[in-house]
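Below: a set of structures, written as structure tokens.
You will see chain A twice below: alongside chain B first, and alongside chain C after that.
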Partner chain A sequence: MDFLRPASWEEALAAKAEHPTAVPIAGGTDVMVEINFDHRRPEYLLDLNRIGDLTEWEVGEESVRLGASVPYTRIMENLRAELPGLALASHTVASPQIRNRGGVGGNLGTASPAGDAHPALLAAGAEVEAESAARGTRLIPIDEFYTGVKRNALQPDELIRAVHVKKADGPQQYSKVGTRNAMVIAVCAFGLALHPETRTVRTGIGSAAPTPVRAKAAEEFLNAALEEGGFWDNGKIITPSVAKQFADLCSAGCNPIDDVRGTASYRRHAVGVMARRTLTWTWESYRGTRRTIEGAA
Partner chain B sequence: MRVNFTVNGRPQEADDVWEGESLLYVLRERMGLPGSKNACEQGECGSCTVRLDGVPVCSCLVAAGQVEGRDVVTVEGLADFAQQRSESGCATGACGTSLQDAQQWRAKGTDSQTGEGTELSPIQQAFIDAGAVQCGFCTPGLLVASDELLERNPNPSDADIREALSGNLCRCTGYEKIMDAVRLAAARQSEGV
Partner chain C sequence: MPANGAPTKITQGSQTKGGIGESTLRPDGTLKVTGEFAYSSDMWHEDMLWGQILRSTVAHAEIVSIDISEALAMAGVYAVLTYDDLPTAVKNYGLEIQDTPVLAHGKVRHHGEPVALVAADHPETARRAAAKIKVDYRELPVITDEASATAPDAILVHEGRDDHHSGHVPHPNIVHRQPIVRGNADEAAKRADVIVKGEYTFGMQDQAFLGPESGLAVPEEDGGVHLYVATQWLHSDLKQIAPVLGLPEEKVRMTLAGVGGAFGGREDLSMQIHACLLALRTGKPVKIVYNRFESFFGHVHRHPAKLYYEHGATKDGKLTHMKCKIVLDGGAYASASPAVVGNASSLSVGPYVVDDVDIEAIALYTNNPPCGAMRGFGAVQACFAYEAQMDKLAKQLGMDPVEFRQLNAMEQGTIMPTGQPVDSPAPVAELLRRVKAMPLPPERQWESSEGADVRQLPGGLSNTTHGENVVRGIGIAVGIKNVGFSEGFDDYSTAKVRMEVIGGEPVATVHTAMAEVGQGGVTVHAQIARTELGVTQVTIHPADTQVGSAGSTSASRQTYVTGGAVKNACELVREKVLEIGRRKFGSYHPAWATAELLLEGGKVVTDGGEVLGDLVDVLEDETVEIEAEWRHRPTEAFDLVTGQGNGHVQYSFAAHRAVVEVDTELGLVKVIELACAQDVGKALNPLSVIGQIQGGTTQGLGVAVMEEIIVDPKTAKVRNPSFTDYLIPTILDTPTIPVDVLELADDHAPYGLRGIGEAPTLSSTPAVLAAIRNATGLELNRTPVRPEHLTGTV
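Coming up: the complex of A and B.
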């Protein structure tokens, strides 16, 4: 095994181009487990810790450019207002020790269907900034990023530099099922974001399909129902039948398996429950904001 | 490969390090510092917790090569580390814990069971006083995590303590005494004892 220690992003890209089998390591919270257990013996380890700008973020007009190695701890502390869904998801990642090391770039690189960040990224809307020495930078829409179980759209010579996450324009929620609060791989997880500016709703489902997915049929149904009932304007309580139909469609959007953490039917059920709850939480929050704005005017 | 880094305030060098080796392995097997415990090797148990550039991490998940030029504090150096912190820096210019001292480090509490002396950090003394040590395997990781919590948050709520220690497992399940110990250390800290 060789340990490659690029001091800059350009050096890292050059190293990845020269050794496409090199395994990037940043927080190490996935890679080191595999090495410790002898599940993986990469020819090259490509250490990204020395590249400082990977742990930085910029808050722009529309989105946050989040460096691939920004630890979850920093996201929780600093980006709660801009990325509430991702901040909530970050809270559920493992333990303080892991959140101090791990970041979204690693979640994306590993592309496990159980990665905690994915439902939040899908719901908020995001693009993955991938780069190679040969072809430069490209932005991969998050919906096209996950291609299979632990597979993603990266080319062998590409590295993830950052993820551009849309800033919240409305309430966002995140929910995760597990046996305890800390140190849990999701049995399943659900992210929901209201986008009042476009009058749309986006979802993200984790650990209930071969890849993280959106429940698109459920989104379309809810978008139409909210529009039809004038909910965005009148701020009425969501009709229970609408919430139920949304929950059912989210369950139907899953394609889960039975495994040690839970059965497929439990996952489908739990995703429906989380969908209904997160819809209620976000919608109540949206109604509350509306009232405040109207009251002030 | 060779790795140069700072352990408990002193520069150290590890030779013939395998590229896939963890920081934990280097500390235990190459530096002779077995205070950081090796249990799950997957970041689940927190018994290998050390400070890396001040931040608590699972040393089993840090590749040895990643610590080149960086600063590690282990449980063996915690007493010196805490003392230096309380003195806001290093007054004598010769602080930190030498490898030999760290290798021979023993708890010297102020009660009859642990001998004489004051070479414990406040959190270590609180663990002894509160009876928070049972088999002792999880203790080093909990000490490092608790010490960092109290540095960051001198007056933590119970929820804060639970959250900060949520990555450290105690299979004797002595969590209540551990909570007591952290509360005790926080109270002593705020009273300036």
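Coming up: the complex of A and C.
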């Protein structure tokens, strides 16, 4: 195994172009596990740790440009207001040590359906900034990014430089079920974001389908129900029947499997419960009646 | 000796600092938490090679051929060994039955069985070479449970058995069967007003010690080998290793390397013989270190079990009878299965008085992973089932579950189902009273002015509930564990104690072969030496085979047995020292001849407190050294038909009260508190006692709500051999554990002490399950309980 250590982003792109099979490594919290378990033996490892700007972020007018290697700890500490859903998701990533090393770029690169960041990115709305030496930069909408089990829309010569996440214009929530109270891979996860500016709701489901997915039918149903009842304006409590139908549609949006972490039937059930609860929490926040609830670090 | 049941009073050494009863600190404590401690995996030797084991990828198959040529041809590879390279006629090993091949011969019987060995100059080279060995398997049907094991046409996991259990078992795929019959259960059942039947399932738990199996074998000039290894019993290893190597035991020297936990998982051999074979073949030191994945295949696990119970009781709450059948899955090799069967059957009634019983426990041979010793050893599975039964009975009778248990609780004088009288304190009712009386943690602890603190809720930081559908439940359980090796085993230990003057100070050195696996023996031995010899300076010699056997660090026995051996050796040394004193100074003071003499604070004193002389002057340049074996009172085998016999040395009791919060909609559990009351006889080191109780309690919690090795029933392959999917409790899953310690002396034991390490592992699990049942109203007849069991989504 060769270890490539580019000193700059340009060098990294050149190396990736020359060795398209090279596996990028930043925090190493995923790649090193794969290597240690002998699940993969890449010909080349492409170390991105010398490229400083990957660990930086910029808060813009509309969105946050989040460097691919910004550690989850930084997101929790610094971007809670702008990216509340992703900050909550970051809280659930592994252990403090792993959160100090791992970043969203790794989650996207691996594109595991169990990656903790995905449901939050899907719900908030995001674009992945990918770049190649040959074709330059392109922005891939998050909805088009996940293409299969552990597969994504990147070309072999492309690297993820950053992800552009829309700044929250309303309450966001994130829930994850694991069979332990910390440091656990998701059995399933759910992200929800209210977007009062566009009067829409977006969702993200993790670990309950071959890829991270949005529950589009549930979103469409809820968007219509909120519009029809004038909820965005009158701020009324969402009726239990609407919440239940939304939850049922989220369950229906899953396509889970039975595996060692949980049954398909449980995943469908749990996604429904999380959908209903996160809807309740975000809507109460929107109505201004809810106290702030966040996990402690 | 003190009056029975009273705390032990200490006379000799009571004035000496750092003696028994004090919470002296572990010598390795700071090193371990700062990462400085040298574990077995940290060892290094100049010119060292790395060993790698090739393991079977299938559970049950004939080996058609093995081709090592490609592996052997690799640069950096020094040796590739298979069964054909074993040097002597002894090619199997085992704790009790020598049924485990050093390397597979013609057949593999479980997923991950060792097939070939590689030594190379780099661990990566060794791994790659192992991957190049071509093994052609012809797969066989797998035996995975009682039905497939005892079917008329079942393939025999071991053909041609001739071990000492083979003659009395009903089927060759049953390792051992132990019935216990006392009174007449059928007749007694007629007196019952309620009868409760239950079928229970206990999942396969892993010891999950943090230091994976590892060791270093160094060839020696005399043709022997020196093995540095993390193990639980050096001399047991030695007896199994030497014959396979074709060496006399004195040419296999063993030294204990730093052990990162054991919990029973190091009782069987792992890499010991493999490293020695490679070292002797190559003439170079060979180190083997398992990674976590391999570790899951490299040691035995706790027996998964099916338990079928029937209890009866009169309407005023007295147990009438108990019938049970306990089926333990021993997997492909015997390991400690026979002894686990003995424990499961003899302790299947629990700490209750039941005169009429009909009990049967068996262990199966299957193609599942081999199972053997783990903390609690057969008593854990039984406790899970009989405590569930107690709750069901109390409910049917409309009685309080604690009062019902107290009404039937055993006490000193109770006769066990084996006919053995319980001849030391058995404060079962009192332990239950104490855990019940502890204050309950406040309700709805997650509520604060800031909103919900999700760390206090099921799901924790995963943020799944802010209080919705969270229901509190409370459950209580109690258990009984035997201490020491049972059923007639010669369970002795050896200690060598030396006393001399170094640098103007009297110093004691304690040398035993006891494996320190975290239990605190190194602390306790120094405390005993201080108390018995009245000195402050005590050196603990590294454990090795240059001294006699200390027996196993298991069965909650080391403080009792090796502690007893150290005490005994110290007493002999003390007598010798006093003899020297009398010889030298007897003429100066009549008290040398007439008074009871003690050693205190480096001096010889009378029991009246008069100082007769300094140890420094008594000893001068003399060294007093004594090595002696020490035995607890003997036990007997259980009768193979009736199960009668004085099989156990001592019993240990603990009770738990669990308080849980359950998210009933998502099926997530947060254990808020696990209060424990335990009788320890005498706390030689109170801090270590609390640590053992809290550790055992947490291990019991693990198998209640998360810990399980999942084996595919179709292929008998392990599905979750990693800490990604085999979950153990994190600190956020570990509740507050208030501990109430009783010290009721057992007259038969040194200082009246009671072995403590295992009892808290027993009752913790059923207490948590009872609390979850209390919160959910569900029956829950299996452990661990998963979210799908609580939400009807299995």
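The rule is short, and it goes like this: the second predicted complex is superposed on the first by the 288 of 297 C-alpha atoms of A that agree within 3 Å, B and C clash if a C-alpha of one lies under 4 Å from a C-alpha of the other, contacts with A are read in each partner's own complex, and residues count from 1 in each chain.
Note that a residue touches a chain if its C-beta (ideal position, glycine included) is under 8 Å from a C-beta of that chain, and two chains touch if they have at least 3 such contacts.
All figures in this text were calculated on a predicted structure; none of them were measured in a lab.
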Scan A:A209 for contacts with chain B and chain C and give back first, second, both or neither. neither
Please indicate which partner A:L79 is in contact with in the superposed arrangement: first for chain B, second for chain C, both, or neither. neither
Please indicate which partner A:I25 is in contact with in the superposed arrangement: first for chain B, second for chain C, both, or neither. first
On chain A, which partner's contacts cover more residues, chain B's or chain C's? C
Is A:V165 touching the first partner chain B, the second partner chain C, both, or neither of them? neither
Check whether A:R277 is in contact with chain B, with chain C, with both or with neither, and answer first, second, both or neither. second
Touching A:N181 in the superposition: chain B (first), chain C (second), both, neither? both
Based on the superposed arrangement, let me know which partner A:I35 touches: chain B (first), chain C (second), both, or neither? first
Interface residues of chain A shared between complexes with chain B and chain C: 33, 36-37, 181-183
Name, in rising order, each residue of chain B that touches chain A in their complex. 1, 18-20, 22, 41-44, 46, 49, 55-58, 60-63, 65-66, 68, 145, 163-164, 166-168
Tell me, which parts of chain A touch chain B in their complex? 1-3, 5, 25, 27-29, 31-33, 35-37, 41-42, 45, 47, 49, 94-98, 100-101, 181-183
For the complex, which residues does chain C have touching chain A? 127, 291, 293, 450-455, 458-466, 468, 665-668, 670, 705-706, 710, 719-720, 722, 724-725, 727, 729-733, 786-788, 791, 793-794
Interface with chain C, chain A side, in the complex: residues 33, 36-38, 88, 91-92, 173-185, 187, 260-263, 265-266, 268-270, 273-274, 277, 281, 291-296
